[in-house]
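Letters A, B, C and D mark the chains as written, and numbering starts fresh at 1 in each.
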Amino acid sequence: MEIELKLVRKNLIVRLKGELDHHTASCFREEVEREFEKEIAQNLVLNLGELTFMDSSGLGVILGRYRRITEKGGKVVVTNMQPQVERLYSLSGLQKIIPHYRREEEALRNL
Amino acid sequence: MEIELKLVRKNLIVRLKGELDHHTASCFREEVEREFEKEIAQNLVLNLGELTFMDSSGLGVILGRYRRITEKGGKVVVTNMQPQVERLYSLSGLQKIIPHYRREEEALRNL
Amino acid sequence: MVQNFLKLEIPSKSENESLARIVISAFAAQLDPTIEEISDLKIAVSEAVTNAIIHAYDSEEGIIYIHAFLEENKLTLEVIDHGMGIEDLEQARQPLFTTKPELERSGMGFTIMESFMDKVEVESFPGQGTTVRMVKEINKNKKVQSKEG
Amino acid sequence: MVQNFLKLEIPSKSENESLARIVISAFAAQLDPTIEEISDLKIAVSEAVTNAIIHAYDSEEGIIYIHAFLEENKLTLEVIDHGMGIEDLEQARQPLFTTKPELERSGMGFTIMESFMDKVEVESFPGQGTTVRMVKEINKNKKVQSKEG
């Protein structure tokens, strides 16, 4: 999996490319934790547009970030979801707590 | 594997796409035999440009066509070989008996 | 009639999660499945293999056995471990239930297997191991179409 | 250090030739090989598996075992059958030698395995079966570069 990070004001944009499973989840977790420890970013925008696979380990690590970030008053949103990932997202009930936008710009406008 | 056939005068052009191994060799053999049974085509131009894999079963089936076609006075040539297939081709000694051209047009001019 | 099988044995390393997905996709490809069907199979095998790695062997190294059988258009998948087993199967299969929240597990593994496969059976013997057997009919829709057409 | 293995068991069907190639490519991918190295491994496993299908089991159905081991950057591949075995190993390994010219075999299988892998060992017991063991060092060139750099 490849991870691209970008800071736009207080929003950390994280673009995931490849497969998010138990093996790659820890890498994603560490990268995001490291950024938030700097205490610049407040919100997380997760762009899943180039994610080709995700399973329940991906749900778990996204939910984990949601808990840590909302604890400190931040927000988490997801963008550019592909159909396969979207099926998982609605099945899991994650869609009820983490808003989903079509594009990053749309997400940024709503933060 | 996909096989595309095209008749240009007395020359049967066969374009192979995908993987030529023992499993797909019989399909290639049958298609070519069927065409030559019509006794219209005399020569075989084998375009390997979109072949992503070939092993010794591919060499065997090409050599088999070479034998049948040259027996009846026809010619066999190969075009558009990719580097990986070319390594196999030179290792096998097939290059000494079956000429190789960069493109179909070049092959057709030399038949 | 398509009839085929494979038996795969791999150590319980997280690198092998993607390997298991590739093997099952390649095996199922012989039935010419849809992209969605391939995706369902990948996620189901990924869940079962990940569970064996994390829960059965508790992140220590053990062996995972993956068996796949094709019969006509029915694909059966078995993921077998000789790990710690599951005490309460009914509880384990409940959505959101997990014994490892500290590892950020979502507790959705079994629920996902059940929604993306046609049938999921779990056999488990505490202290001995677990077998997850899943069945999926491939090309269900195509078959109906060709009957109608 | 990378350490991993897989054991795969498949019936001797020609559909499984491409499956074997995909499995070995996916397994070797953990070492981040070059495209050429992947291509070498695919052709070597394809030759050995095809031989088991055609020669060992004489196109009847038998079982083929494929074992792969990774240790650091060394990949060992074993293709094992319980088929008819080889009487004269030296002759069998000669370029262009084949016992099945009627099936348009080129007799280049062993020669190809030898040129695309670093080492090829064949053990065979007539009436009992054959084991082809092949070794290839992956990223040979990359390693040298990083030492120099």
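The rule we apply is simple: a residue touches a chain if its C-beta (ideal position, glycine included) is under 8 Å from a C-beta of that chain, and two chains touch if they have at least 3 such contacts.
Bear in mind that the values here come from a model prediction, so they are computed numbers and not experimental data.
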item	value
Subunit A to subunit D, fewest steps along touching chains	2
Chain whose average C-alpha position is farthest from subunit C's own	B
Intercentroid distance (Cα basis), subunit D paired with subunit C, Å	28
Computed distance of Cα centres, subunit C from subunit B, in Å	42
Rounded Å distance, subunit A centre to subunit B centre (Cα mean)	51
Subunit A and subunit C, separation of their C-alpha mean positions in angstrom	26
Multi-partner residues of subunit D (each touching 2 or more other chains)	15, 18
Each pair of chains that touches, named by its two labels	A-C, B-D, C-D
Of all residues in subunit C, those that touch subunit D in their complex	4-11, 13, 15-16, 18-19, 22-23, 26-27, 30
Contacting residues of subunit D [partner subunit B, same complex]	14-15, 17-18, 21, 36, 39, 42-43, 46-47, 50, 53-54, 103-109, 111-112, 115
Partner subunit D, residues of subunit B touching it in the complex	19, 21-23, 25, 29, 53, 55-57, 59-61, 63-64, 84, 88, 91-92
